[in-house]
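Notes follow once the structure below has been shown.
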Amino acid sequence: MTASQIIFYILSAFILGSGILAVTTRKIFRSAIWLLFSLIGIAGLYFWLQVEFIAAIQIVVYVGGIVVLIIFSIFLTQKSGSEMPKASATRKGFAVAAVLIGFALVWQLISHHSFKQTSTTTLDVDVANIGSQLLSTTDHGYILPFEVVSILLLAAMIGCIVIAMKKTEAV
Amino acid sequence: MNISLLVILPILTAVALLFCNGLKQVRTVSLIGATVQLALAFALLILYWNERAAGNTAQMLFESSYTWFAPLHINFHVGVDGISIAMIALTSFIVLAGVLMSWKEDRMPKEFFFLLILLSAGAYGFFISLDLFTMFFFLEVAVIPKFLLIGIWGSGKKEYSAMKLALMLMGGSALVFVGLLGLYFNTDIGGGVHSFDLLQISQMHIPVEVQKMFFPFAFAGFGIFGALFPFHTWVPDGHSSAPTAASMFLAGISMKLGGYGCLRVATYLMPDAAHAYSWIIVLLATIAIIYGAFATMMQTDLKYINAYSSVSHCGFVLLGIGMLTQTSITGAVMQMVSHGLMTALFFAAIGMIYSRTHTRMVAQLGGLLKMMPFISTVFVIAGLCSLGLPGFSGFVAEMTVFMGSWQNPDTMYRIATILACASIVVTAVYILRAVGQSVMGPVTDSHYLGLKDASWNEKFAAGLLIIGIVAIGIAPFWLNELITPATDTIMQHAVKLVTLK
Amino acid sequence: MNDIPLTHILFVSTALFFIGMYGLFTRRNMITMLMSVELILNSVNINFVAFNKYLFPDKLEGVFFSIFVVTIAAAEAAVAIAIIINLYRSHNSIDVEDAGEMKY
Amino acid sequence: MTNYAYVSLIPLLPLACFVVLGLWGRKRFKTFSGIVGTGSLLASTILSFYTAYQYFFVDGKVNGVYQHIIAMKYTWLQFSPNVSIDMGIMLDPISVMMIVVVTFISLMVHVFSLGYMKGEERFATYYAFLSLFTFSMLGLVLSTNIFQIYMFWELVGVSSYLLIGYYFDKPSAVAASKKAFIVTRFADLGFLIGILILAFHAETLDISTLIERLTDHQSTQFVSITTGSLLGVSILTWGLTLVFIGGAGKSAMFPLHIWLPDAMEGPTPVSALIHAATMVVAGVYLVARLFPVYSIDGAALDIVTYVGAFSALLAAVIACTQTDIKRVLAYSTMSQIGYMMFSLGVSRYGGENGLGFMASMFHLFTHAFFKSLLFLGAGAVIHLVHSNDMKDMGGLRKFMPVTHISFLIACLAISGIPPFAGFFSKEEILTAAFDSNKLIYGVALFTSGLTAFYMFRLYFSIFWKKESHLHNAHGEGTSTMKIPLIILAVCAVIAGLLPFSNFITSDGAALETHINLVFSIAPVLLALGGILLAANLYKTENNKPEKVAAALGGFYKAAHSKFYVDEVYIFVTKKIVFNLIGRPAAWIDKNIVDGLMNLIASVTEKISELIKGLQSGKVQSYTLYFFAGIVGLAAVFIYLWK
Amino acid sequence: MGIDFFILMKSELLLAVIIFILLFIKVGSKEWKNEQMLNIVNVLLLVNFIAGFFGNKDGMLFNDMFKTNQLIVLEKCILNLGTFIISLQAYTWLKNHKHVLEFYMLLLASLMGMFYMISSGNLLMFYLGLELSTIPLAALANFDLEKRKSSEAAFKLIMSSAFSSGLLLFGISMMYGTTGTLNFTELSQHLDGSALQLFAFILLFTGFAFKISVVPFHLWTADVYEGSPVAITSFLSVISKGAFIFAFISVLYNVFKPLADTWYNMLFLLSVLTMVIGNLFAIRQNNLKRFLAFSSIAQVGFILVGISGSSQAGTASVIYFILIYIFSNLGAFGVIALVSALTVKEGIEDYKGFYKTNPLLTWVLTIALFSLAGIPPTAGFFGKFFLIMAGAAKGNYTLIIIAALNMIVSLYYYLRVVKAMFMDKNEQPIEKLVINNYSKLALFICVSGIVLTGFVSWVYDYIYSLSTGF
């Protein structure tokens, strides 16, 4: 077993472990922290896969943005430290069953599928390349999706403002 | 003559009604519309005779066709033969009578007459259509106004009845729909193109298995309209809850849509299947006739009596169609016309009685002949027509059906015919019970003594229908000559296809 | 990285996917539900990147897709949180069981 | 050959009268309407006498045989290329005889009613109905087409219905009219099916053609109808028997006679016309019309014979016990028609064998006069005493001499006392019966004795018995009532003297008949015995009748209760038809058939209620279902469906 | 690039321009009255709608990420029309709303997302379009800010759609993994029907199914429809649904054609389920919006029947039906929106005796409901007839019979509403409402659309001429 393999398995275990904890722990704040760990683990996985740019985005957007957002909202809505209510046993039972069946199904499908590699030429995944492709209008350019996403972000922003804004200024 | 006028005219009337105000204007416009309809129907009849006399032997006359949905080969294709003309004339009679009977409808008159006229447009359209799509279209047009008419202006458990009627009739049309689609996709007018055109389809030979598969849908679907046992239960409730004019329409026209469809679509286009299934049709029709008659005997409400008797009488229509002889089919068509007029008259009489005495229970009525000789006479005439008295249309039609049915020499069919004949006795029983109890006998309620006889509009309406009934009863050869060529075509077609196979 | 078969990575991502789904099914707190959704989206991202790297390295489609997924996840999370906060204002609770007024 | 087209006026005049009076009588004509009706009928009567003259004496006979003359014929309704209902007029001896009888009796009744019905509110309606009846009856007898007969058959039925129910505010009248119609309708069903059978095999509805085909042993039609059989009986017998059922219904033969006594609820002149002289003999006429066909089928004729004889006897027995004078007359009518029937039954076609046929027609002819006379007389009596019951009468001979004498003549005629009309016709019947069937002869003989007895029982009870003390005696009524009585009395005397057998026979050729005086001793003696017995019992008031009744015991009671036939009918209709068929049918319709439709609706709603939990309002459940859906789809479409 | 770019992307660009105009108005210093803003917006939308008809051209842009043709333009025009009508109908409600411009910005952003989705040439664009159309809608669902139900609806919408898009993404990733491409054209060449690919396809399929509320992926629908402001409900039920169906057809017919056997059977199964369950739930509803939600679910069942026809007639019928459905449903929602905005009543019970006080509105609602039920002479009849006819072309009459039977059930509940309005008595019916001109115009458009679209056959002919099938 090479170092790379070992790193991968450790990362995987870390991701899944903290993921499981994130969805099972009863304390909401801890849950958020476990999520954070899991996301960091995934960032690690990206590093391991040598897509540093994605790893960076993962850390910046998720760890730096979303998790923070979540934590803020937890502070806004929750008394910290209190335990969350438990889901009913039936719901849990069904959920476990569904998830296990689903996983078995998907894993069965994946493991029996022979993935075909169509090309061996590797493309450089460095930041500059990604950046220029993102804004390119020609071959392999992603300017259109980029614009769409920007509209989406604008819309999301407007939406958030309208919804979450305090209604104190109502006359 | 452009027979699309028959549809356009009611629509124009209906549109004109939208701009009217108050009962007076509304009813005047409706009356004019209905009268013109009648005139048009008669003009059509005369033109038709002329055309035939001039030696035009085309199956359909006054045909015209407009492309409607070109990609799907749906055309607005209209044309008439004797059967259609008979039905059109019937419709125009009943529309006019219906309008006259509703002369004093002061609750939302505009809506009332609008729906009434819309119904007539549906009926005319149905009878002149030679394209299955337009036919289906008009069939459904003629359903929903009835829901509103019954639900809004009806009496008794009107909402229930209206809903039941609408659902069952739409159920029928849903079955028809399946049948039509089945037919459509098994036609080929060249190059894999399908057609809804009745005449075109009749020229092709639809595979027997296909016929056997879709005939039940088409027949049962139309059969629901025509009170096919056991799908007749909308009839009693619907008729009894409806306002007078709507009852007249319902029994007089709507139920005829079913019979006409059974004949024109199911039997004509799928003759092999009609032969194969004829025993079922005959069985169901016989059950309807006998069982309807016995059920009528136990009714206590005049409208229920007439409604159940309609089940029984419409059984003759289906019996005639199921027997598949030319005479029996002619009889079925005659029975449609006759029953339409007769039952409309019956409902008109019941309506007149109800509007005065405010009851329809046989037990509560009595001796009306004393105060309202006209209405009572109308009632008795309707009753006598219903029990098949010579001189009235009912006799002619029923006898033709019997005569035709008897030509089918199979023993089981004979037994069915005998049973059907037996119903005339039961009919006599219930009709005479109703007449004897409500019109004759001692006056049961002193306040009846002050009641007035029919007003001019009612007299006119009843007179109109009676003229129709008596004219057919005395001179059935006209109607017969009108219908026979058409039924002949249908039968020849059926025989041709059967022998081809 | 080539000494790890693709399926192993897929195992991780699939497992993460269903962990997230489990969380979504069972967590009663709306914010934790949202967190579960994030796990799901992350697992999908792993898929994209892994496929891209392992199978189709000649283009960067998978990588780009994951970039956009991250962005959208952020937008979605933002709106969701805004809604949750609004709900919290009116309900004074973010228990999902309490948000079941409309039913049947 | 004379053009007989004018014959069509005979029925059409009353029809026109009906239409005019029916539409405008109440408002325009009022009391004048009686005159209108009578006038138009007078014209008809004259025409029919003229027709009879023309037919019998001028040109009806070809080579010594009376011909069937088709005066006119129009196709009315074409069923199929060779089967159609035609409207036409056929003249042959019986139809000509019938139009004479019908118009004449009807005229008498019309005249009589002028007085009898005076002051009635629905006077015009009455005359309209009478005209309708006359039209229908004339149409019936003139028919060329069996279906035409059926149509007019129905029409006479309905006019009878309308006239019986004339006093519509009397529940008993309404019930009686209903009963009459329904019972005859039931019989008509047989007629109709009989027609269907005959017409199908003969491939025609035209009477002449039908007879021609079914009597020709070589024709395919004949072969087909005689070879086919059902339940061991040939199709021809079936057809004829069913047709006879129709006739039996109209002619009140057992067991379809129950409507006739009740029908007396109608105005008495109506009873005289319809329920004595004309309509009720339609059954006899029907059998006579198809007689050539009947005569080749012994089985059918036997049925006619036995039904007729049994009805004659039964009715005579019942008549002896009734107290309502009109009912007595009604049963007597039934009994006399029974005579006509069995007379037909014992007859055969052609020559000497056709004596019964001739006798039957002869009796029909004479009976019409004396029976209508009896009814009109009874009408006059009722008009005076305002009651139908014998108990309210007695000693009326002083108050109404004309009625008395005419009634007596009629009684003598019906009893078969020479030289009154009934004697001659009855004599022929007895001869015919004697020649063919001794049992029938015995019954006939016995019945004729009974007839004399009950008729004179009636006569004495009305006009003798106790001395009456009428205060409000307003005499016998108007001259319009008396004149018909006198005319009919004259007819009742002389009608029998006509050389009937020269004109009306089964095959149209004249038949030599002669009165065998030795043979007629027995019936006349029996009749005289009956009269004497009646005189003994009823001429004065005494308790002998009660004693006799007591002696007869149960039999008397049964006869008095009309042998409980009505009760049987009520049992069958009420208990079986209504309760066992009608009620279940209505119940099934309401609960099962309709219930099924409603069940579909309620099941749909139940299911809807049942699965509402799916939409629990919990978003987590939604996602769970969502995922379950995916797994399900995957399972189906990846693994199961390949 | 160049001028083509502007012509091909005309619809999207126009929307973007409008969004930015609104944004400038918003951030500008001038205080605008609500009425003024609404006037401007409606004029802009009208312009947008009309402009849609001019200067159209087929073509692809950005490496086939964006494609357009006559049919797509027509679809966009239909959606524009719907949005315009909704905007008119929302007038009564928005007049007193504080966030009019935000409302429109979000609405148009969502619409734009749909446009991109319809025009998408690869899975990425498709996904982005889908999200762009969904996320603003979730925010919009919450626009009745004080209403608890509104927030609940928004939450349910965003959660369910997040979940669904998670699954969809998983499917897309698998599709990517098995075919190596995101481009539709290449994708369809690489489809080999392996099990994993099928699974990926099922996930994609359910992504659509979720959006157009196919049972069992429909559960969010009713709750969201009920809780959202009426304008959003109608937008969801008409525009969003329509857009997704447009995209669905094109994806199924063009991209997943090799898997036609599979998806035909899936459509069969799901359409039966959808019709039946949708109807069963609809018959028990008492809230009109919720009721229309279920009825719209049932309608989707019928649409699936049409889609399963997979012929030129199938495509045409579906698009034609959507057009009619827009008129009908918006006719119904128009009345409900008015009543809801003016009286806050939404229950079927409240509509008892409605005819007595508001005959005109009642007729509009009745006609709309009849059209939904498929009763002639309304256009709904034609729509439904052609739809099912298209399905029947495959010869699967079981499906047709089930559809026909379901039409009866659906008739029942539509008539139930009609009955309440016309026949039932009510002590306190909804009072006589004052209708503003915008709503009148909207209702007029809807009614004339309902009446004319069926009879005037060139509408169908035109759609048919643009459609393709296989």
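A, B, C, D and E are the chain letters, set down in written order, and residue numbers restart from 1 in every chain.
Going forward, a contact is a pair of C-beta atoms (placed from the backbone, for glycine too) under 8 Å apart; a residue touches a chain by one contact, two chains touch by 3 or more.
All values derive from a computational prediction rather than experimental measurement.
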Touching chain A and also chain D, the following chains: C, E
Centre-to-centre on C-alpha atoms, which chain is most distant from chain E? D
Taking each chain's centre as the mean of its CA atoms, which one is most distant from chain C? D
The chain whose mean C-alpha position lies nearest the overall protein Cα centroid is chain B
Could you let me know which interface, B-E or C-E, is made of more C-beta pairs in contact? C-E
Could you give the separation in Å between the centres of chain B and chain D, each centre being the mean of its C-alpha atoms? 36
Please report how many Å separate the Cα centroid of chain A from that of chain E, as a whole number. 31
Report the inter-centroid distance (CA atoms only) between chain D and chain E in whole Å. 77
Inter-centroid spacing, chain C versus chain B (mean Cα positions, whole Å): 65
Numbers and ranges of chain B residues touching at least 2 other chains: 167
Touching two or more other chains in chain D are residues 601, 612, 615, 617, 619-621, 623-624, 627-628, 630, 634, 638
Please output the residue numbers of chain C that touch at least 2 other chains, ranges allowed. 10, 17, 20-21, 24-26, 33-34, 51, 55-56, 64, 68, 72, 75-76, 79, 82-84, 86, 97, 99-104
By the touch definition up top, name every chain pair that qualifies. A-C, A-D, A-E, B-D, B-E, C-D, C-E, D-E
Chain A residues touching chain C in their complex are 2, 4-5, 8, 12, 15-16, 19-20, 22-24, 28, 31-32, 35, 38-39, 42, 45-46, 48-51, 53-54, 57-58, 61-62, 65-66, 69-70, 73-74, 76-78, 84-87, 91-92, 94-96, 98-100, 102-103, 106-107, 110-111, 115-123, 125, 129-130, 133-134, 140, 142, 145, 149, 152-153, 156-157, 159-160, 163-164
So in the complex, which bits of chain E are touching chain B? 312-313, 316, 370, 375-377, 381, 385-386, 388-389, 392-393, 395, 397, 400-401, 404-405, 407-408, 411-412, 415-416, 418-419, 422-424, 457, 460-461, 464-465
Contacts from chain E onto chain C in the complex sit at residues 123-124, 127-128, 131, 135, 138-139, 142, 145-149, 151-156, 158-159, 162-163, 165-166, 169-170, 172-174, 176-177, 180-182, 222-223, 226-227, 284, 290
Chain D residues touching chain C - in the complex, by the definition given at the top: 612-613, 615-620, 623-624, 627
Looking at the complex, which residues from chain D come into contact with chain A? 620-621, 624, 627-628, 630-631, 634-635, 638
